[in-house]
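What follows is a set of notes on a single structure, which appears directly below.
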Amino acid sequence: MRILSYSYPTALLALALLLGWEGYCRLAGVEPMILPSPSGIAHVLWLERAAIAPHVLATLGVATLGFTLSVGFAFATSVVLHFVPWVRRGLMPLFVASQTIPIVALAPLMILWFGFGLLPKVLLVILVTFFPMLVSLLSGYAAVPQAYLDLLRSMDAGRVAIFRRATLPAARGAFLAGLRISATYAIVATIFAEYAGARRGLGIYILAAKNNFRADLVLAAVVVSAALTLLLLGLLQLADRVTGRRFRGPADAAG
Amino acid sequence: AQDLHDVSIALDWTLNSNHVGLIVAEERGLYDDAGLDVEILPYSDTASSALLASGAADFAYMTSLGFMTARATGADITALWVTMQHETGRLVYQSDNAEIARPADLEGKTYAGFGSAWEDALISTMIETDGGTPDYDTVTLGTGAYEALATGRVDFTLEVATWEGVNSELLGREQSSFAYADYGIPDQQNGYIGSRTDYLAENPDVVARFLSATQDGYEWAADHPEEAADILIGAGDFPNAELVRGSMQAIVEGGYLDAADQPVGGIDGDRLAAMARFLFDSGVLTGPGGETLEWPGDVSDWYDQGWMDE
Amino acid sequence: MLRVDGLTIRSGDQSVVSDVSFEVAEERLTCLIGPSGCGKTSVVKWLAGVLAPTLAAEGQATLDGAPVRPPDRAIAYQPQQDALLPWLTIAENAALGLSVRGMPRTEARRTIMPLLASFGLDGTEDAFPAALSGGMRQRAAFLRTIVQESRFVLLDEPFSALDAVTRLTMQDWLAARLVERPRGILMVTHDLHEATQMADRILVMGARPGRITADIPIDTPRGKRTEAALAEIRTSLRTRLLEETT
Amino acid sequence: MRILSYSYPTALLALALLLGWEGYCRLAGVEPMILPSPSGIAHVLWLERAAIAPHVLATLGVATLGFTLSVGFAFATSVVLHFVPWVRRGLMPLFVASQTIPIVALAPLMILWFGFGLLPKVLLVILVTFFPMLVSLLSGYAAVPQAYLDLLRSMDAGRVAIFRRATLPAARGAFLAGLRISATYAIVATIFAEYAGARRGLGIYILAAKNNFRADLVLAAVVVSAALTLLLLGLLQLADRVTGRRFRGPADAAG
Amino acid sequence: MLRVDGLTIRSGDQSVVSDVSFEVAEERLTCLIGPSGCGKTSVVKWLAGVLAPTLAAEGQATLDGAPVRPPDRAIAYQPQQDALLPWLTIAENAALGLSVRGMPRTEARRTIMPLLASFGLDGTEDAFPAALSGGMRQRAAFLRTIVQESRFVLLDEPFSALDAVTRLTMQDWLAARLVERPRGILMVTHDLHEATQMADRILVMGARPGRITADIPIDTPRGKRTEAALAEIRTSLRTRLLEETT
């Protein structure tokens, strides 16, 4: 009930948008090849569900693998950079620079270099999703209250013990924030990578739909991709809830 | 100076020898003489027929497939010209691939594709005609296809004989090919220039001037292949000038531009209908609701060469 | 007996604390007061072995005459505020020092549980710190410090985040705990009132650079420390502090 | 001097990377068509400078216009959303959803809808850069210390005066952070948009280079694009320095 | 004379403050003390017109018998901490109340400049708050409040963020300012010592729900408020407060 009353402005606005779009399509008589109506998109989405399914699965597979590796890699890197300041100073600018590379240009080259298997796609997903997580993790580590570190150090805890007992749990919120940002890009990055070359996947589906002049199928695939991203975000939210009992509760009472 | 009428044309691919007549007409002032300021839009990731249909360009240079798919799917566009009198596409594979001797051998092989539905119809028909089962693996790679073929990561792909074919030869790649027409595909003309029907109705004069000048451009190129190649090289960004020259030579030697029974750019209605029929019958064309399209019976309104009469 | 000799702490070429020497007696409460920024926290952090790496320190700490290099198990440290880890339950927080030394989880819990009641924390063992009031959190932090069974305890303004009333209650409570389980305590405070109520001895620090300017024993027995009894010493301490500042 | 000694680990690492790459290219004898060497890229970059320049200018123009509009639009929207909570509740989920759209799919459609001109490109740049700025602004507004607001309210200041005197200046840091994130994407988003259709621009250049099998030119364009992004980030940094006297200085002394 | 009558503040269906009535005398300092969470800040915020919108309030404020609806220019408010805007210079911060009322920048500056010296702020007019010590910041905040020329001033724990020594100095300083420019002041504090030193009258609040439980005039002349003279009243206040809490 509360969620309903909370989300009705969104629902209303979304509905108004869709109705406006539908009305425009019907009244102005735009060619569906150029701008299909929402009802048309919903219709083909239903008709083509069997054709889209394998592509969705392929994309999900690559995105999941790439994102998982990216999370692991970001975590490992963050630990190294946390403990070795000169590596951090050396690598961070390079990571920033890596974010300025247009993947449109890089993706076809990656396919050339690494073939059309999983590798180039996973690498592209990592390229896109790695950095926001790394930054969030490092800023999370840096935000641990000094008192926690001092306390553990005064107990004669070693660097690793301090990291495990204070730094890491304190960075949980920042990590989740980074995870959410990265997750928003994971599916889109996969689609990009597929677009440059793949056997199967939403990227291929979009490319084919475009080449066959089926704007309705392109938009249907966009809807599916957005739904996948929202699903991924929802899963993260769920994982947070399920695992985070220790990290919730009322805001810190004693300030 | 006189007031020039602005027209724009979108291309089917990065500038190449197929477009030579347009460049010659532009560079030799034929368009100026016709009172036109022609903008040749650079190739982009959006299909030229889609750009044309949406009104983003006045004319489009389209692959035969691009034109027919768009037209069959309901775009209000009409073909006015066709550049190549014979199919320039062909199916290629590495000569040292001992497993491939005929299209039937493609069964179970890996194809590097470009992401259009017709490729499957084309290849399947060729395999079937040759007595094989059309069962093969597709990897969509776009331009990456040729590298993938050369490095053996895929078994076959499609190419334009007068461009990628020449390029492979220059690179010394040993490749063999099958012609579509030998295996059940109607021989088609290729490289249509078209416009929107409403544009035609509103600017018949501009259309006629544009296409006449274009025709003059291609005729001149056919007669002066070497100079035309140099004009093209001067107009574009060609990292490999030899490819352009070789390609122009191939076009002229192959008699692609002028057929005995046709003026340069002339559309053969029967062959267009045969190819369109093939597309409908192979079921690759679907409408906006996803339904398979019915053969309209008559496609003579798909093209209009009325401008040639003036 | 814990002694500090000739402690000098520098930040770059500025002295933060200069040639400070003092001792903390066994089972007695020593207060360290002084104006803000005079270096009280720096001295305590040095003794706890947690001085910021940007600060350079020289000096010697000795325990019964033998040199110690902090951090040392004989010296427990309780940072300003309570520094309870929000993701650990009260029991886990209280047992943190034990776990860090490698005591298994169940054994650590067995050690903590009987003590909860006398710290006014019974029933909160599985609650998280956020659910507790400021006073309860402070008591949990004391429990964490006490169970480490160190001979000396460093407290940096333990009550400064509490409101006045809770503070008064907690002062009484801490005094009672110290009677039960005596420790040598070095307590930094801002509060003259707190210092005179609780200390056996008051070290007064001056600033720029930080150094010890007075060492004042409080001889009034704890039971007799009324407002009136302490009025005089408080007035003199205030005058001294105000002098230090100008 | 200080900046030199600070950045030498980066320079060292970057140098090692480039040398390794160069060495690999020379020793393994990879075809430059597949993996050009860094020296090869630098060389063609120099040779082709005249050819690349107009594309760079076109991209810069679109990116600047799109980014400027995006900043303005994000600011205006943030003000509206700040003052009208139900609009905020209604619109934010839609903005989040807009970030899950794969631009690969949308860009060609935008060209079809809005033509070859500036509009579709500017819209795509806005789509990509608008959201991070909006989020940063809103979180900046929310982070104003309540005491500042109470103080002004007790002086009988109106909603607009409070916003102008406290909320807005307090959000400056958050705004700049959002600006930096968005600026990182501005050039890349422009290249994307051009890729789907433009007369000129790095996107077009990359596409042509790719179709001409010129991996070296593709990478040269990537280098240029990265340089443009770093330039943009540098300009923002400079603008911050020049305008921010009031907002710098030592961290708040009285805590 | 500023009066509050029958003030009740509710959060949902819980009373935060219940039927509170009191008055703040002209040119006198009234202190409000009470345990944490009893509603002191809520009362002051209500009088300043800045109560959180999640809290519902009923009650009446009158100024010399005439109803007022806060925020009102006759009542100035100084939030806990100093709330100096970090991006404004000290002069701009001090003039904030004047600028908000539409006074032009140069005129506002002319009003502020002669006052800086007596607030111990000469030379800092173009400095930013971050460059000042806690005590100087606090004085700048007082200057900002004082130049608004309101008859009444609400101070919510003005000294709680200062260290003990600076606090003592600031208490003396504020007392001196009030002699120069008398105002009716309502000051919330936690600190018994501060209350007994500074107040003409002390209102004691109890909790759950907040209500006034005592109204104690301090008749000792300011010149004679030594530790010893106030010892008795402080002891009785402490007892009362500790009772309120349990």
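Letters A, B, C, D and E mark the chains as written, and numbering starts fresh at 1 in each.
Please note the rule applied: a contact is a pair of C-beta atoms (placed from the backbone, for glycine too) under 8 Å apart; a residue touches a chain by one contact, two chains touch by 3 or more.
These are the chains along with the protein names UniProt gives them: A, D = ABC transporter permease; C, E = ATP-binding cassette domain-containing protein.
Model, not experiment: these values are computed from the prediction.
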Listing by label each chain that touches chain A and chain E gives C, D
Overlap of the chain B and chain C neighbour lists contains A
Dist(centroid_CA(chain A), centroid_CA(chain C)) in Å evaluates to 47
CA centroids of chain C and chain D: separation to the nearest Å works out as 50
Note: chain E sits from chain B at a C-alpha centroid distance in Å of 84
The positions of chain A in contact with two or more other chains are 34, 108, 112, 210
Listed in rising order, chain B residues that touch 2 or more other chains are 46-47, 50, 53-54, 143, 147
For chain C, residue numbers touching 2 or more other chains are 134
Which chains touch? The pairs are A-B, A-C, A-D, B-D, C-E, D-E
As the complex stands, chain D meets chain B at residues 33-34, 51, 107-108, 111-113, 115-116, 194-200, 203-204, 207-208, 210-214, 217
Chain C residues touching chain E in their complex are 33, 35-36, 134, 162-166, 168-169, 190-193, 226-228, 230-232, 234-235, 238, 241-242, 244-245
Per the touch rule above, chain A residues touching chain D in the complex are 6-7, 9-10, 12-14, 17, 34-35, 86-87, 89-94, 97, 99-106, 108-109, 112-113, 184, 187-188, 191-192, 195, 202-203, 206, 210, 215, 218-219, 221-222, 225-226, 229-230
Listed in rising order, chain C residues that touch chain A in their complex are 45, 48-50, 70-73, 75-83, 85-88, 96-97, 100-101, 128-134, 137-138, 148, 161
The residues of chain A that touch chain C in their complex are 145, 147-157, 161, 165-166, 169, 172, 246-247, 249-255
